[in-house]
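Chain naming follows the written order as A, B, C, D, E and F, and within any one chain the residues start at number 1.
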Amino acid sequence: MSSSPVQRPVQSSSGGPAPLLEEVLSIAEELWPQALAESWDAVGLVTGRRDREVRRIHFAVDPVQAVVTEACTSGADLLITHHPLLLRGVHSVEAGHFKGELVHDLIEAGCALLSAHTNSDSAIGGVNDVLAGLLGVQDTEPLRPAEAGLADEGLGRIGTLTAPVTLADFASTVFSVLPAVAGGVRVAGDRDALVQRVALCGGAGDSLLGAAAQAQADVFLTADLRHHPASEAREAAAQQRPYLIDVSHFASEWLWLPAAAEALDRALRDRGYDVEVAVSGINTDPWDFVLTPGH
Amino acid sequence: MSSSPVQRPVQSSSGGPAPLLEEVLSIAEELWPQALAESWDAVGLVTGRRDREVRRIHFAVDPVQAVVTEACTSGADLLITHHPLLLRGVHSVEAGHFKGELVHDLIEAGCALLSAHTNSDSAIGGVNDVLAGLLGVQDTEPLRPAEAGLADEGLGRIGTLTAPVTLADFASTVFSVLPAVAGGVRVAGDRDALVQRVALCGGAGDSLLGAAAQAQADVFLTADLRHHPASEAREAAAQQRPYLIDVSHFASEWLWLPAAAEALDRALRDRGYDVEVAVSGINTDPWDFVLTPGH
Amino acid sequence: MSSSPVQRPVQSSSGGPAPLLEEVLSIAEELWPQALAESWDAVGLVTGRRDREVRRIHFAVDPVQAVVTEACTSGADLLITHHPLLLRGVHSVEAGHFKGELVHDLIEAGCALLSAHTNSDSAIGGVNDVLAGLLGVQDTEPLRPAEAGLADEGLGRIGTLTAPVTLADFASTVFSVLPAVAGGVRVAGDRDALVQRVALCGGAGDSLLGAAAQAQADVFLTADLRHHPASEAREAAAQQRPYLIDVSHFASEWLWLPAAAEALDRALRDRGYDVEVAVSGINTDPWDFVLTPGH
Amino acid sequence: MSSSPVQRPVQSSSGGPAPLLEEVLSIAEELWPQALAESWDAVGLVTGRRDREVRRIHFAVDPVQAVVTEACTSGADLLITHHPLLLRGVHSVEAGHFKGELVHDLIEAGCALLSAHTNSDSAIGGVNDVLAGLLGVQDTEPLRPAEAGLADEGLGRIGTLTAPVTLADFASTVFSVLPAVAGGVRVAGDRDALVQRVALCGGAGDSLLGAAAQAQADVFLTADLRHHPASEAREAAAQQRPYLIDVSHFASEWLWLPAAAEALDRALRDRGYDVEVAVSGINTDPWDFVLTPGH
Amino acid sequence: MSSSPVQRPVQSSSGGPAPLLEEVLSIAEELWPQALAESWDAVGLVTGRRDREVRRIHFAVDPVQAVVTEACTSGADLLITHHPLLLRGVHSVEAGHFKGELVHDLIEAGCALLSAHTNSDSAIGGVNDVLAGLLGVQDTEPLRPAEAGLADEGLGRIGTLTAPVTLADFASTVFSVLPAVAGGVRVAGDRDALVQRVALCGGAGDSLLGAAAQAQADVFLTADLRHHPASEAREAAAQQRPYLIDVSHFASEWLWLPAAAEALDRALRDRGYDVEVAVSGINTDPWDFVLTPGH
Amino acid sequence: MSSSPVQRPVQSSSGGPAPLLEEVLSIAEELWPQALAESWDAVGLVTGRRDREVRRIHFAVDPVQAVVTEACTSGADLLITHHPLLLRGVHSVEAGHFKGELVHDLIEAGCALLSAHTNSDSAIGGVNDVLAGLLGVQDTEPLRPAEAGLADEGLGRIGTLTAPVTLADFASTVFSVLPAVAGGVRVAGDRDALVQRVALCGGAGDSLLGAAAQAQADVFLTADLRHHPASEAREAAAQQRPYLIDVSHFASEWLWLPAAAEALDRALRDRGYDVEVAVSGINTDPWDFVLTPGH
């Protein structure tokens, strides 16, 4: 994790009234309905008092120490992260554990924490729709449709590029769209092969490897691909399609933050509220530097 | 739950230095080793920063709103309760849930929370030893010995009174020893029968009904006895021994607080620390009044 | 458990023919359909030969020794109890165990045993409807509707009193309606608060605490409330509504017996049969005496 | 099942006192300790009053209607069967189910029922030792030693014949030793091969097929061998040793009855009691007739 | 298992083209849809390359060594067996285990292996329909209808004979229809009773004993009936109907082979293919000889 | 996966006799005892006949198509891979699935397949010892000792460098020692921090993150680290030690192959056998190229 800033869009104050946390949560629910979350997930409000005013909202991917410090220092009343803080249930939030430390920091600073995780992956205009849009993938539909949602809701996306490009060129586009992280973009496949049908899943998407193959994708982009799932997928494809692109988990989800911030800001302004909305400038990809054959 | 004070021993300040929370925890571990806790239990520190000074410690049975408010208002740095706050794991401590509200109150007030539950039941000098001592039950041993503890550690106690008394008289002793609560003391058995061998378990002890019978107790005292376990135990005993005495869960455990406060205070003073130690005066038995045939 | 009689309605003989047990079972099935029983329950015929004549039927809450002796001594051919004898499956009915002893007593005396438990709780005109009727609770519906039953079938009831009364007055009504038992009626809440919307569940109803709150009850009456469920419910309600009334498990279900006896008797007479129907006069609440602050 | 008598040893009365059931059970426990029973088994007393006198004891393999009727008609006070009546736990013993019918018959006739099942299989001098003895198998040890028993206790036996015999001749010996049943004795293997090392397990022993192979048995005798276990064992052995002999489940266990009756009778007489002990003459093998190629 | 031939229908070559394995599988799927297989089953292709030509198909009940050797020696390209080779999942197919040995034999000889098990039991025209047809059982329907199949698909069959016959005569018909095996046909019931309503299940059908009784069968024919299921079924029927007929597992399923071979052959010829189809002449019933009272 | 050769040590033939596969397996068991494998693993022989001669042995990390083709083409009689082919049990090895295709290729070519996986990780001189040796990590002991092995056996290793080096320099050593793969070496931590205590685990070692921290490692090297485990470990360490180095799963295990080949070759020669032993030159890391910020 390095502290070099990535990007930091900020909506400045307009002087209107501030909403209560309860009201912000109600808008968040419209944007990223909790019913869309996977059954194993733990989304929603983690800390905070619902009757407090929210003047400043901070967005980030990971609820880690640097991010919480940044949010609290900046005077944020609400931190919205993609990843849950307490995915596994806890019996204690004492500060001797790093997660309890964050709970203390947040409550002491009066900053609420909200997680929008697989619900924001699945939602229309969520993580995967943003990713597809930035990569020029069109006519998308979910790789795994939501069980009880709209047709356009669900995990991952499959769609097409307006024209075929080589795998190398598509990888370059991916590289240029994503925020820069040490590990870069790894590709399995033939550089010169033309690809047009693209499957993608922000974050760790190895559970969708089979769905991408079944959807006859030319290439599947996701993060956190380990040796065995990647190797077995390549063998099952006889080293042919779908090719694989493995990107930074953080980077693939960070792209959603500006869009999410803007959507929330717009909804608040529509209701006459004035809230300052910021996106964290901290790179929370865990890797600081990389040595590759090309260096 | 009523707010009429029950008892409130307070150790006054002596001017010595204050220990860090970490140091208080270390003493608590000696008094009530966490290894004695049942596998399903969740004991230990729940909120708080280990590097903070502790000037004032507050003891109570239940970590409920009135108790937490009392502790925070009184300026306590540490609240020690018998019952755990987060027995079931949680994914959120937001203040919209009554347990999250308490977490916020405690952290905002800088008051740590420590639970000593089945470890303090089982420990030497713990809940059950205090109860036995106050009732004059001697030569005690555990009803269910600890699996990996000393011979005197374990759940419940079985021992003898110095002389036989009628069941009615023993019940009167129980009634006079316990803090007054609405529900009183319920007895199943023959008022005039003489009892001398006494089994007891502070709190809900129905899992020890069989052990009490096997230990040939004349009477078994515990709390929270429901119809079916009580009825089946009475039938299995053919309405004979062991007779049953059902008391308030809160009352049976409250008795431990002054003893625990004193033991902790003594250990702190032995190390040269000066800490004010108080016992909550709030009755957290949930029942406010009772109508019985005698009224 | 004391043997002081509670009440004992008896239908005298009219000289008509006696039905076979099989025929009585068929009527019981109409009154308390076994399909309404909870999945964990064990209702239905426990002992007896279906081709035997039934001249005398005895009703009671608990299949305990005193009740079985009473039924057999009185010459009953069928004992109908609310509680099952063999809720947990058995591999033996030898008389060395108190339940096997009852099986021997019943079979030797030619007395069949039938249990109508959660099916009679859930049924229209069953335990909860009788309780609601005696307390003046009107326009009732189930707290937890039966999964595959009629709209009026299910566990617990929620309804309204014709006019608001203080909690203390409602508790007095409860006390006067229930058969007298040692433990009386325990109340959590403000004596002077007015209540009108009443939730209730005869027997142990702590699993319905959440449903009572969600149904916006002013007060929830049930039995066997232990410290933790009661305390957590009071905290979740911030010591406000729903208030709680805890009564004797036995007493809350005994009320059903006369109504059940009458319903069965009427149905038998409608078919031209002459059967003597009695209700047990034995108090099988396990508690014999109580000491309360007021005494 | 046919009612043609198989054998019926009877010990006649000598005029001594009769033991209580409790005393007979105590002797049975010495002969066939319940601790030797498999964890899934349900052995011990099923019906009966422990304080009743036992003048007549009846032994049989199966607690079925014909056997129970025979025992009750003959005035038996105790029926001892190899197979348990209530192997699966029951919630009812009403007479409409065939097992409840037996419970009623037994209790009405004052006849207790005791099961000695896998404990008598495993015990020294039990089912398998009797079977080995009658077949001339010597120097036996258990195929699966008891986990917490003596070295000679456990399931199945492996031992040697004094001299090699052909498989056909060994099968003839088996046939002549067993009580005649319709299905006879089935053999898988080469008639003319010589066998000397014999594994055996009375009743259904397919779980010991692997143990018999590992113990390098020439032949394994047991009952209830189905197609797949038998076929797989023959394939694993490449159609060589161990050969298999499949006999009647009933027949293989019936052999134990006279020995068990005699052992119990002797022990009772040693204590000065006079009890009439009989072995049932009813063949409870379910098969009545067979059509084979040879007929 | 003996190698005396049972029957061996062979379709001779006509000179047409050979299908690919893929095409044969597609026809097999129409005849015995895999969706009809039980959830615990493992049907379908076990070894083989789908792009190989199939000139010769061999049918057998069991994929055992003698059968695989016969198929490979005869030059078969595909062996179709009723029983699966790898019902339990394997982590190795090394030849040191008898199943791995078969995998090596098959692959080395270029012979594919296909299993049609519970799908062929359940299918129209499958194992049970063939059995019913040969026994003259008419107007059949499944004993346990397929969950998601046609009305005539499912496990077992129940139907009627054109006229009542004695149980002994029906058993003789069974005996004469089945291929001769050592163990013959075992019958439980009254030889002279008239039977007309017949339930049957090829292979091990004890899970359908209850369904046969509920369908009011006069007699239930199946294989692999062990002592306890048979005995309990006879007791539940009070030794009356349904009577039981226990046959060889192998024999009851072998009957399907010629019909299956013919159906597949016809379907192949309809598509213009020329494939030689044979049925194995090996008796894979594990029993070689039997000793019965009648010998 | 690219086919550019990495390294290929070959032992040439000396004219001695060839061992049987059985004998090679016996030596492999001494080098990498199967008892050291994790309970979830599937090590040992996967295909092959134990009585065949082995003239040529081929080593590789992954049993993938390119590797199997290389082994079969080169005339290998035995392929030894680190990864199991059938880690999850299979019910079919038909060639339509890529794993079944490999089974067919191997058996048709007469090439056996042996997997030495977590047993070779844990063994003395195994994967982790080789890795430690090449990196100059000394005085090693296991991170998680084997439950029933020698003190030096177990998963992962912890040891020390002869002198402290900067994290950047240590990463350079790692990079230079590993075979070149596209993804290179990723590092989380301060480039200039000095490290000396090194924990490592070839392959995916995230389950040892806690053990590495508890062993007070300065740096932990392993493969397949995903975002969440890496991020949580960095947070738990407050971004301090242990630093993390994430390498190619393939590369970290490939290093073992030459050492394993040499150890096996030496053991075979010690027994007088002449076997040609080769190490695969195929890079089976799934990634073909990478785009990083530095490019």
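Assume contacts are C-beta pairs under 8 Å (C-beta built on N, C-alpha and C of every residue); 3 or more make two chains touch, one makes a residue touch a chain.
Here the structure is a predicted model, which is why all the values come from computation and not from measurement.
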Labels of chains that are neighbours to chain D and to chain F: E
Note the shortest touch-path length, in steps, from chain C to chain E. 2
Among the listed pairs A-B, D-E or B-C, choose the one whose interface is a repeat of E-F, with over half of the contact pairs the same by residue number. A-B
Classification of the chain A:chain B interface as same or different, half of numbers criterion: same
Given the two chain pairs C-D and D-E, which is bridged by the higher number of C-beta pairs in contact? D-E
Cα centroid separation, chain A vs chain E, in Å, comes to 55
Taking the mean of the CA coordinates per chain, how far is chain A from chain F in Å? 34
Considering chain B alone, which of its residues make contact with at least two other chains? none
Graph class of chain-chain contacts, one of line, ring, star, complete, other: ring
Quick one: what's the order of chains around the ring if we set off from chain D and go to chain E first? D, E, F, A, B, C
Contact footprint of chain D on chain E as seen in their complex: 1, 62, 64-65, 83, 98, 168, 171-172, 174-175, 180-191, 203-204, 223-228, 230-231, 234-236, 238-239, 244, 246, 248-250, 284-295
Considering only the defined contacts, which chain B positions touch chain A in the complex? 42, 44-50, 84, 86-96, 100, 103-104, 107-108, 112
